[in-house]
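First chain A sits with chain B, and in the next complex the same chain sits with chain C.
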Partner chain A sequence: MTDTMKSGGLGRRQFLKNSGVAALGLGVTGFPSVLRAQAAPVKIGLVHPVSGFIAFSGSQCREGALMAIADINAAGGIKSLGGAQVEAVLADSQGKPEIGASEVGKMAEEGVAGIVAGYSSAISLATSQEAAKTNTPHVVDVGVSDSIMSRGLENTFRFGPGYGNIANFAVDNLNAINQASSSPAKTAMIIHEESVFGTGTANLLSERLPSIGIDVVDVIKHANPTRDFTNIVLQLKSKQPDLIIPANYYNEYVLLARTMRQQRIEAKGIYSVLGGAASNYKFVNEFPEAADLIMDCNHWFNPKSEVAMQRKTAAEAKGLIYTYEVFLAYNAVLGLVDAIERAGTTDKAAVNEALAGSNLDMSYMPYAATKMENGQNMGAAPVNTQVQNGDIEVIFPSEFASAETVFPMNG
Partner chain B sequence: MRQLALLVALFAALAVAPIFIHSAVWMNLIIMVLYAALLGQAWNILGGYGGQFSFGHAAFFGTGAYTIAVLQVQLGINPWVGLVAGGMLAMLVAAFIGFSTFRYGLKGSYFALITLAFAEVLRILSNSVPFTGAGVGLLIELNPSAANMQFVDKASYFWLLLAITFIAFLTVWWIGNSRFGAQLMAVRDNEDAARALGVDPFKVKMSAILLSGLFSGLAGCFYAQYFLYLDPSIAYGSSVSVESLLVPIVGGLGTLFGPLFGAIALHTLSEVTRSVIGDLPGASLVLYGILLVLVILFSPRGLSGLINSLTGRVPASKKKEENNG
Partner chain C sequence: MPDLAIVLPSVLNGLTTGALYALVALGLTLIYGVLHIINFAHGALLMLALYGVYFLNTVLGVDPYVALFIVPPVMFAIGYTLQRLVITKASHGRDENILLVTLGLAIIIENLALMGFRSDTRIIDTPYSFEVFEILGTFIPQPKVYAFIGAVVTAGLFWLVINKTDLGRAIRALAKEPKGARLVGINTNHVFAMSFGLGVACLGVAACLLLPTYYVSPHVGQGFVLVAFTIVVLGGMGSFVGALLGGLIIGVVEALGGLFLGESLGQIGIFVIFIVVLIFRPTGLLGHKV
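And now, the complex of A and B:
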């Protein structure tokens, strides 16, 4: 069975002490503090791969979701339900869709008000479909596959962008960066992992890059996990593309980037799309040389938002690395609880309806106004980041930018 | 005949389970146990009764799964037709693998490695060709109706799987009591001696791999319809091959009920460890592994052997009799 806990691995007292979240609660979450009433707690299921080959990302998701729950509870819980506290029901999908679906079935029977899952696209496809059988509201935190949202499931919602949107954004901005450069890139190679995320992204990029004058000289797919990138990097070396485009999970991304540095690959730029590590402080801190000047098109927070920066500080005070998994899972929980708040009930149909009409203020993200269409937040968008001087800077769009683009990276 | 009566009684009792069990969670657990038992029984035909240890049953499972999915998604062919086609194509793959290995006398670790290689080749192929959706995989459209082999309730999935599993178990009972089964076990125990007695090992092993491939392919078809999503790692990944062989090894190799015991034990163990320490990432898998090692250490002939020893029904020395039950 699943495990239930109130505010994650950290007690609320400790959390308050570390992050001063009592002060943040109101401003950060938008949930005003009220005296807590004796209302029945509202259970929310969190299904993530906290073991298996994507355990790091899954654990980050879980921590982000638990942070959101802690913040919501600290701010007085769900006001329309008499200040009901939110309880997390935790489950580990072990990186397997069938186990994720099985856990969702258990949660539905346990009476959760909604589910936030499942990090990877394959798992999200299975969990949302299982949740649909009981019409349980399901918010996808990270899974980017467009097919998750295209099945017409009335219980499935996503506040972040899908990869069709991300890939188009990536190509358009790459074109803008290229046009502004004195030495534009003319060739590219795509290195991607073999699952739905990497393959889908590679397919979209392969189609679109020629339209902006970049010839895709090769597309190389690798398995998960892959621990030796020497052969792939030697192919890169022989084909000498101007641009290297990786689309992989964290571990593979780090190993690929390190091998490229070891083999002294000279390219005009490394431009990731949903790079597992390129927008990750862990990578930047541990391998600053390998990470330097890598560009990425990825989920990111709005660096000009005070709320976003406060959340980042609170996460770091808790010992977390503030990766996209953390804030996307946080947002997913926030979106679900906001819907329950507006619905004023945990009735599944009412919560689904509230989610479908969500207009959650997400100004802490680089998004336009929240507008749900077929469960997808049409206001969601990625940004371009670049590692500069050991930090991750937003370089595009200009209204969110914290630094100028450096391209080409080798002068 | 006592075994057949027991088998029929067991499946008859199982068939009425949904009338009494209304929990979707429990139904799901029973479905997953039956699914594992089917996978294990498919492997048991070739590995347990035939002595040919395959490390690549994912090749058959994945072929069945992809057949039913590709026919529906790409060609709009009804999944009931796909179920038959999936089983047939899985048999075809089994025939190819069997012919290209048994024909040249490959056995033991060589056979195991070849089957592993075939599954891996199929995984890479399915990752590359467009009609399988390549790395993106195939999503079967959600359209619940019996005609689409998609059911709103778990009971209908259960009965479908129960029927397939019953046929698989009935086939294994027949193997244990037929001339073909005797020949298969003779080949397993001593191929040269069997040949000297007039048994054609190639023919016998080919028959076994065809049956094994058929049931593994049907398990793949069921998986595709139950979860409605496939990608190369799910279909041809090593976890299916491992589960296929682990279930009968734990339950009892070359026994009729061994795969059922193994499936019950492994899934119960998995559920219990996830319940007890599921909050601690990965700890449930560690505990699962430790308990598995203990089972294998203290019950090398599987749970069937243990049960027989404990009940004292079958003396440990009467291996042949135990192999059939």
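And now, the complex of A and C:
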């Protein structure tokens, strides 16, 4: 079932001040509000898992996307379409790819101008495939699987990084951290969730870690949801790896971290790759001791960007926890609307072409200039974060770093 | 091949986890096992109880174990009211209607929770959340040991209620011969509601003992429902000791299955045991004692 929602949010001046939206091509053009009201709204489909086992992350995505729509509308809507307001068409994939695909089918029939979906890789694979049948522009917000972008779908785009990029970045930086340490890690265990994201990440890491002198002593896959992590932690305890590498969703990450603490696990470091909780203020605030000094390689904003910090403040003022789902979904909507703006039409082929030529200024992210290749933004990159003194600090790359790395964590 | 030194800790962990499963299943064995009400709302009601414990702790500072004196009675009242005012009236005594009504209740409760509490995962922090007992060289989290004790005590109390009280006799009479029970003057609507209330109250106990080591979110109950139904049938329909035993077996099999087959295949063991038991003992492990 889909719902439609027209969002209103920040005042126009406030938004312009906050986001520098003129740089996005969405700035003031001086249309009187009366004319803006006459333009037909442009519908954008938002498909996220707002119920089911990844509902927290899905809801965060939806909130981020709605924030972007509210900001765009407050800034005058889509100028090239006479100030058309953006209208969200909402759908719940329930965490199931087939339901996500079915919702996309309905949205395409309803005539949405584009779709932003679907949080998880498995859902994004299904939603983009379905959208491709009608050539509906589809922007993946979070899903990191490389296979989403490698199928040659002309309607599918991603502004964030894929996990091939992330895994390579994670391994290179881990190598740098290890080289700089007086007590480098030599062994690692990977704990990952069973879907496309966790399994793909684990496979890439298993291949690359030996090349930097880290022996992967075991790889443990777990189900979603997993009710108890004691068994896994007992295996960790038995094999005593120097590094523990979790790649899983929020709930499982928290249970794993708590169980590791209960079982008095002592490793040189916990180095997550796309860890569901390691770069999450909620986890850090609720369990500062369990979270302390955990490192993560993940999506993050540029902490030195005023725009990024203002968006964070605005999200928190709405009662949101500013997780990566929020700002990645926000960016995905901005990217799609920017393409419609430049295309000056909602014609699907024209919007896809505009997306393929996107040069959106994303300096509020730790990215290089936006450059699309086969739908993937080649400028996108993750960062390394570390929880230090109850806050999440960026430790790599140095141009975005807000703190020095602490490794090994047990001194 | 896992290190054999962790087999014993894994078994101990399986026993404590199984006790938690048994707690969830004990209420179901009364509702489903004795009264044959297929209660699809069991998981949603567990979620409701977990939120109760969560808010008592975070808003009023009530310890989850002190909440044992508050949440189960409230859950009993909710269960009694649901059975008396919703399930009985909407189902008109037909089993297939009951199934649909409880399924509808589950959807309504979960979506109301999603609307009211959002999809955030919530966890409480207690002074003993990370405390452990060292048993045979193994760290067992204190809350899990308390849950184990709680499961044994609750199973014992249920057994006493069913076997040694007038209410228990009335419940058993109603389960065996509903028409006969009516003929001898048993108020069947009241007894059904009492049974449902007791089953739901048991979820209140489970929630108080579960939350110190687990989390709550609107869909948290779904992860326990299938396991609970399995335990009820495995232990023997309506047998409280069977439910406890079934829970412990499931916990240990899951732990060892995870260890030897891998975590994501660990649950296969549960259903292999389940099928084997049903082939050789179709009434479940202690089913004949009903």
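We take it that the second predicted complex is superposed on the first by the 380 of 411 C-alpha atoms of A that agree within 3 Å, B and C clash if a C-alpha of one lies under 4 Å from a C-alpha of the other, contacts with A are read in each partner's own complex, and residues count from 1 in each chain.
Just so it is clear, contacts are C-beta pairs under 8 Å (C-beta built on N, C-alpha and C of every residue); 3 or more make two chains touch, one makes a residue touch a chain.
Computed from a prediction, not measured in an experiment: that's the story for all the values here.
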item: Room on chain A for both chain B and chain C (clash or fit); value: clash
item: First, second, both or neither for A:84, with chain B first and chain C second; value: neither
item: Contacts of A:221 with chain B and chain C, given as first, second, both or neither; value: both
item: Touched partner set for A:51, first chain B, second chain C, both or neither; value: both
item: Touching partner for A:188 - first (chain B), second (chain C), both, neither; value: neither
item: Chain B versus chain C as contact partner of A:125, first or second or both or neither; value: first
item: Touched partner set for A:232, first chain B, second chain C, both or neither; value: second
item: Touching partner for A:59 - first (chain B), second (chain C), both, neither; value: both
item: Chain B versus chain C as contact partner of A:264, first or second or both or neither; value: second
item: Partner chain in contact with A:251 - chain B first, chain C second, else both or neither; value: second
item: Intersection of chain A interface sets (partners chain B, chain C); value: 50-51, 55, 58-59, 194, 221
item: Complex interface listing, chain A residues touching chain C; value: 50-53, 55-56, 58-59, 194, 220-223, 225-228, 230-232, 234-235, 237-239, 250-251, 254-255, 258, 261-264, 282, 286-287
item: Complex interface listing, chain A residues touching chain B; value: 1-3, 5, 50-51, 55, 58-59, 90-92, 94, 96-98, 101-102, 105-106, 108-109, 122, 125-126, 129, 132-134, 145, 147, 151, 153, 194-196, 198-200, 203, 221, 224
item: Interfacial residue positions of chain C with respect to chain A in the complex; value: 2-3, 5-6, 9-10, 13, 17, 110-111, 114, 118-121, 123, 125, 129-130, 132, 139, 141, 213-215, 217-219, 222-224, 255, 258-259, 262-264, 266-267
item: In the complex, chain B residues that touch chain A; value: 23-25, 28-29, 32, 127-128, 134-137, 139, 141-142, 152, 223, 227-229, 231-234, 239, 274-275, 278-279, 281-282, 284-285
